[in-house]
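Provided herewith is a single structure, encoded as structure tokens, for subsequent inquiry.
Each chain carries a letter (A, B, C, D and E) given by its place in the written order, and its residues are counted from 1.
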Amino acid sequence: MTNKLNLIGAVNQALMNEMELDETVVVYGEDVGVEGGVFRATVDLQKKFGEKRAFDSPLAESAIVGSAIGMAINGLKPVVEMQFMGFSYPAFNQIISHVARMRNRSRGLYNLPMVIRAPYGGGIRALEHHSESTEAIYSQIPGLKVVIPSTPYDAKGLLIAAIRDPDPVLFLEPKRIYRAFRQDVPEEPYVLPIGKAKVLQEGEDVTIVAWGAMVRDTQKAIKMVESKGIKPELIDLRTIAPIDRETIIESVKKTGRLIVVHEAPKTLGVGAELMAIANEKAFLYLEAPPTRVTGFDTTFPLPKGEKHYIPSPERIAKTIEDVVRF
Amino acid sequence: MTNKLNLIGAVNQALMNEMELDETVVVYGEDVGVEGGVFRATVDLQKKFGEKRAFDSPLAESAIVGSAIGMAINGLKPVVEMQFMGFSYPAFNQIISHVARMRNRSRGLYNLPMVIRAPYGGGIRALEHHSESTEAIYSQIPGLKVVIPSTPYDAKGLLIAAIRDPDPVLFLEPKRIYRAFRQDVPEEPYVLPIGKAKVLQEGEDVTIVAWGAMVRDTQKAIKMVESKGIKPELIDLRTIAPIDRETIIESVKKTGRLIVVHEAPKTLGVGAELMAIANEKAFLYLEAPPTRVTGFDTTFPLPKGEKHYIPSPERIAKTIEDVVRF
Amino acid sequence: MNFKDHNPLNNKQYRILDFNGEVVNKEDLPSLTEEELKYLYKTMLYTRMIDDKALSYQRQGRMLTYAPNTGQEAAQVGSAYAMEKEDWLVPAFRELGALLVRGVPLRNIYLYWYGNEWGSHMPEGVKVLPISVPIASQYQHAVGIGMANNIKEENNVAVTYVGDGGTSHGDFHEALNFASVFKAPVVFIIQNNQYAISVPRSKQTASKTLAQKAIAYDMPGILVDGNDIFAMYVATKEAVDRARRGEGPTLIEAYTYRLGAHTTSDDPTKYREDKEVEQWKPKDPLIRFKKYLLNKGVISEEWEKETLEELEKDVVSTFESIEDKSDTEIEDIFKYHYETMPPQLEEQLEEYKLFLEGGK
Amino acid sequence: MNFKDHNPLNNKQYRILDFNGEVVNKEDLPSLTEEELKYLYKTMLYTRMIDDKALSYQRQGRMLTYAPNTGQEAAQVGSAYAMEKEDWLVPAFRELGALLVRGVPLRNIYLYWYGNEWGSHMPEGVKVLPISVPIASQYQHAVGIGMANNIKEENNVAVTYVGDGGTSHGDFHEALNFASVFKAPVVFIIQNNQYAISVPRSKQTASKTLAQKAIAYDMPGILVDGNDIFAMYVATKEAVDRARRGEGPTLIEAYTYRLGAHTTSDDPTKYREDKEVEQWKPKDPLIRFKKYLLNKGVISEEWEKETLEELEKDVVSTFESIEDKSDTEIEDIFKYHYETMPPQLEEQLEEYKLFLEGGK
Amino acid sequence: STEGIESPKEDIQTKKVLATPVARAMAKDLGIDINTVEGTGPNGRVMKEDIRRAKEEHLKPKVKEGL
């Protein structure tokens, strides 16, 4: 059986499925219980599984993550929510100093099968701190996995995989497309592999890598350039850490060209790493400089400026043309 | 008049000079006052300028940085210390959400002329969290400047520049070389430009970019390869954010080759950004793939493993040869 | 009044006006002129009006997310009115009444919620920090302001606000601890409006009162009826005076209620009973204060009607003066990150402008 | 004993043995067997011996930075002894005595301070978390362990430690608040050894006691003479029992003194008077307990001498068994970051091994 | 890594040739000195096609060799 679900619905169903199957899964965070999350990702979990397994916490991100560490050590699989990625920073010390390090610190004794969920990215005309994309910060932390789905189907399969993963996973949900479209999503639980990118569209002229909400904008851009005879290959990175280098490298070797599209600022964004990888692993195949289309090196603007910030399909399309015609 | 100072002495003198000249400069942090800092960077400041301007704070990094924000808004120039870079993370929310954003948030009204100092990097056989190099995390935050000196002379000039800078500066001190060597340092205050890299050695075969303690290791590596007729150009990046692209690009155009050396993990390190810049700005000049010599994508090991982690002169030398012979 | 007489462990609210606008604590009744009383009430009406209009603009799709203050006007206006010209206000994001008292023009406020950073650019001489969204983080800024006052041997005070939810945050604790250690002249106000979005106060912390958290720092802490403008004014005044006298910080819990939604994106019927809201409605701080003022003959229904008309005009014209004219200038996105734009930013700005012009 | 009888605001230390080893609170004297008493004293001696040897190895350049526990043995051993087999210990980094009581082998402890991660790989069945260096962060892990116990309806308790300095940290506050809201079965112990490196307790916080910080969470808080092993044992036992009964968390301030340096890198003469140290020396928890045990005839000087010899042998042979044999295996640096090494790490490991072999 | 291609470094040219890495790789493979190839790309950049053409020209019998 499948249902037409949007991305937030798929997240909710993934949680439902796993809480049903595995009673060690517990879900908590700010407004997660009674209200079911400010985006309704956790709606009905408390009704269905009770206050013990889906509950509201006090307003304290460090303690949310810090307590999840203890829970994970003590046999549970906590799935905690940071209400927005921009409010994950009070938990930064717990994440970098403990979540990512406990397994190595204890030489494999204490693993942390926990998930930190957070809506991320801009484009919903929100207040300050509600629009940022700092995946590059988290993706450089050894010991942490970072996953970003771009469709309802992927969201469900990747979130279930994240919950079942023996290692801690930061699961970032592109809030701009929470309700953008629906897809057939199987009712049953299923997993998609963490650490594997997905070739969404084969092509030969240029490799384009995107993730999260930017996948759709990139698809729009591709539509624009296809009419001009350009055949891009589109890869949805899906896992930002660890990066699926194999898929990227293979594609770049084929096309000789790489464009990375992300919403985050340019400097030290994930684009830089993908460009570096292309250099290290496919240098002699390069026919044009690996390139990035990104947000500016600025704070994400308040709503009246945000349309400038997020790379538009037009900006992406222009870059594709530039790179292909290089 | 000059004195032979080591790097920590130069830091101390820079603070002395500025506190003398500018009574709005105040220095505080954990163990900063009576003790003069666990590395003695702030020694005698309290004696000289009193408890009001150099003092111990409670053990709370977020409040140290958070209060410095208020001070800076209220007319002072706080220079606060994070005892180690690995303990700056509890302050991460204050740094990314406020320090870096206050000026833009208020459209130029509230600037924050503050400095956050922190010893950073490994190689002193220290406990966990005492050896890390996470400059890439901070260097990607719009609104923040990140400076790393590699010599006593630079340390003094750059720290004074940081204190006088109208914008917030994260000043990272390579603790491994705090006492490694002495240099003639003028007693008088002087500034070196923030945002400018320094060509330490001209050469034509390959551009090598390093900073902090890795500069010296790179110099050792260069000695090794020079005997083989290789002439590297060595650039000390000095300011990690914003990067002095001009100096890098000019050099890469000349040599056609780029190697970045850093102690931080490879993935998403500053090396990736420099490689990306080389691609964007000097692609057609590249005769070999831009390359990096870095720490592993792991947590910095406890002392019995640290010798493996930090790129050794031998590892660097080998890479230079590989790249030049490419 | 003396904080010593108000042990927060007794869980008794400090009050001057009761729900009917009767004075129950004559001794502490502040001596304010009629002009001042009118000003206070008018500012509360203004606050309410700004909320009401913002909500209706929002429903019409003319405004973005907005966080209303309805029910908390006394806590905001009363406390801020205790400040002096040179004092600093360090708000969270639900202190509209306090911002108005401290001289922030409505234009700024609406610009901010309308999604333009210029809203946080305060006019000359207005010592108010921008709205702070990361919960409790602003408490530490106020501490730093206070510490700087001590260092500079200046006499100003910082007044800062947080919600009940914010008391759970680490930054709250660190701020109070710093302030007490450094005897920083800071007044910490908690607007306990009983909810942090959907999470009720009872789930936020197990302590009987939020004011009692002051005991952890040997700091005076007082529980105040936050819907009583006189109580808020007097308690804050005493705290401000203490701070100015060099006696250090104070924690004030303003016990109040968020009559509206958390923000316009929120639907409170999901997590609280209408009954509860109904019970709080008669405690509306405007009703209470109005009764008092009518009784005293300070205002009349007439006066209120005229005032409301005047305020409405002001609110409507201010909103219309920014509506559809407040798109962010592209340069502004780049220009204010550093005193001088680094080459990277200049390049990005240039490239983007070229792109918009359709050029290479 | 009942926590209600020990209001932390009174600033009176809970005590059973006085400085001379005399029982001053007969009622609360725990009924421990001679074997138990000997075990406790022996463990204190062991702790002291491990410190002494580590310091001398360090001076000889055979050991790295080490954080001594001298003076705090009663606080550590007494509290940990109140735990049951299935309880969790969540240490900071200065709880050697507690680790020993909970079954952490000295080999692990020395390996850790010798700079090898295997020191934190606890043997099967030892429910002790690794040493936690980021101050106060571990308090939250203990809370999570406690919350999990509630969720799983298990009966275990988590006991966690922090220093006086750590009470200033945001994580401390958030942990206590969470624990009280969720009634987590956690015992929070503060080893107030009067210093955070160089910063004295008086500069750390303005509160009279650290125990009174419990009031902020409506949690029992008790100030205990931390150099009195019985008081520490009894107070912790009551807290552990309470927690196990589902009555929630407790905060215990162990009032003690760090007789040694912060770590071997620290020189305390820079920031404290010898006089102060001298005043504390007679309060050494070992002296007090020994007097009691000698008086009671539980031990003899003979027994102590023999025990010390035995312990010294153990300590020396353990240290020598790891000395110079504990270099980190290269693979170990890579292998434990994830259950399965991602290709990047495999490649980096391979490349590095190749490099070491001198290959390409 | 550097893909193991071994060849001694060319003499340092006073004027840098502009070329894409793929063109440099082809030149190397085909034993062509990229510095002698005329680039037809933007700003005289040496492209894949230029190397291919250079190779073809290189293979063409030279006129003066006819006897």
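In the analysis below, a contact is a pair of C-beta atoms (placed from the backbone, for glycine too) under 8 Å apart; a residue touches a chain by one contact, two chains touch by 3 or more.
A quick map from chain label to UniProt name: A, B = Alpha-ketoacid dehydrogenase subunit beta; C, D = Pyruvate dehydrogenase E1 component subunit alpha.
In this text, all values refer to a predicted model and were calculated from it rather than measured experimentally.
> According to the touch definition, list the chains common to the neighbour sets of chain A and chain C.
Chains that touch both chain A and chain C, as defined above, are B, D.
> Looking at chain pairs B-E and A-E, which one is connected by more C-beta pairs in contact?
Answer to which pair has more contacts is B-E.
> With centres defined as the mean C-alpha position, give me the chain D-chain E separation in Å.
That gives a centre separation of 70 Å.
> As a quick test, compute the distance in whole Å between the mean CA positions of chain A and chain B.
Computed value for the inter-centroid distance: 31 Å.
> Quick one: chain B and chain D, Cα centre-to-centre, how many Å?
36
> Distance-wise, how many Å sit between the C-alpha centres of chain B and chain C, to the nearest whole number?
Their C-alpha centroids are separated by 40 Å.
> I need the residues of chain C touching at least two other chains; which ones are they?
Within chain C, the residues that touch at least two other chains are 117, 134, 168-171, 174, 177, 181, 203-205, 332, 337, 344-345.
> Among the residues of chain B, which ones contact at least 2 other chains?
Chain B, residues with two or more chain partners: 58, 60, 62-63, 86, 89-90, 93, 97, 104-105, 128-129, 142-143, 242-243, 267, 283, 286, 288-289, 291, 296-299, 322.
> Quick one: which residues in chain E touch 2 or more of the other chains?
Residues 1, 5, 20-21, 24.
> What residues on chain D touch chain A, complex-wise?
88, 90, 117-118, 120-122, 129-130, 132, 134, 137, 139-152, 158, 170-171, 174-175, 177-178, 181, 332, 335-339, 342-345
> Which part of chain D faces chain B closely enough to touch in the complex?
64-65, 93, 112, 114-117, 133-136, 165-166, 168-171, 196-199, 203-205, 265-266, 270-271, 326-328, 330, 332-334, 337, 344-345, 348-349, 352, 355, 360
> Hey, which residues of chain E end up touching chain A in the complex?
Residue list for chain E touching chain A: 1, 3, 5, 20-22, 24-25, 47-48.
> Spell out the part of chain B that touches chain E in their complex, as residue ranges.
Spelled out, the residues of chain B in touch with chain E are 204-205, 253-254, 256, 283-289, 291, 322-326.
> Applying the document's contact rule, which stretches of chain D touch chain C when the two form their complex?
Going by the criterion above, the answer is residues 9, 168-174, 177, 180-181, 203-208, 212-213, 215-219.
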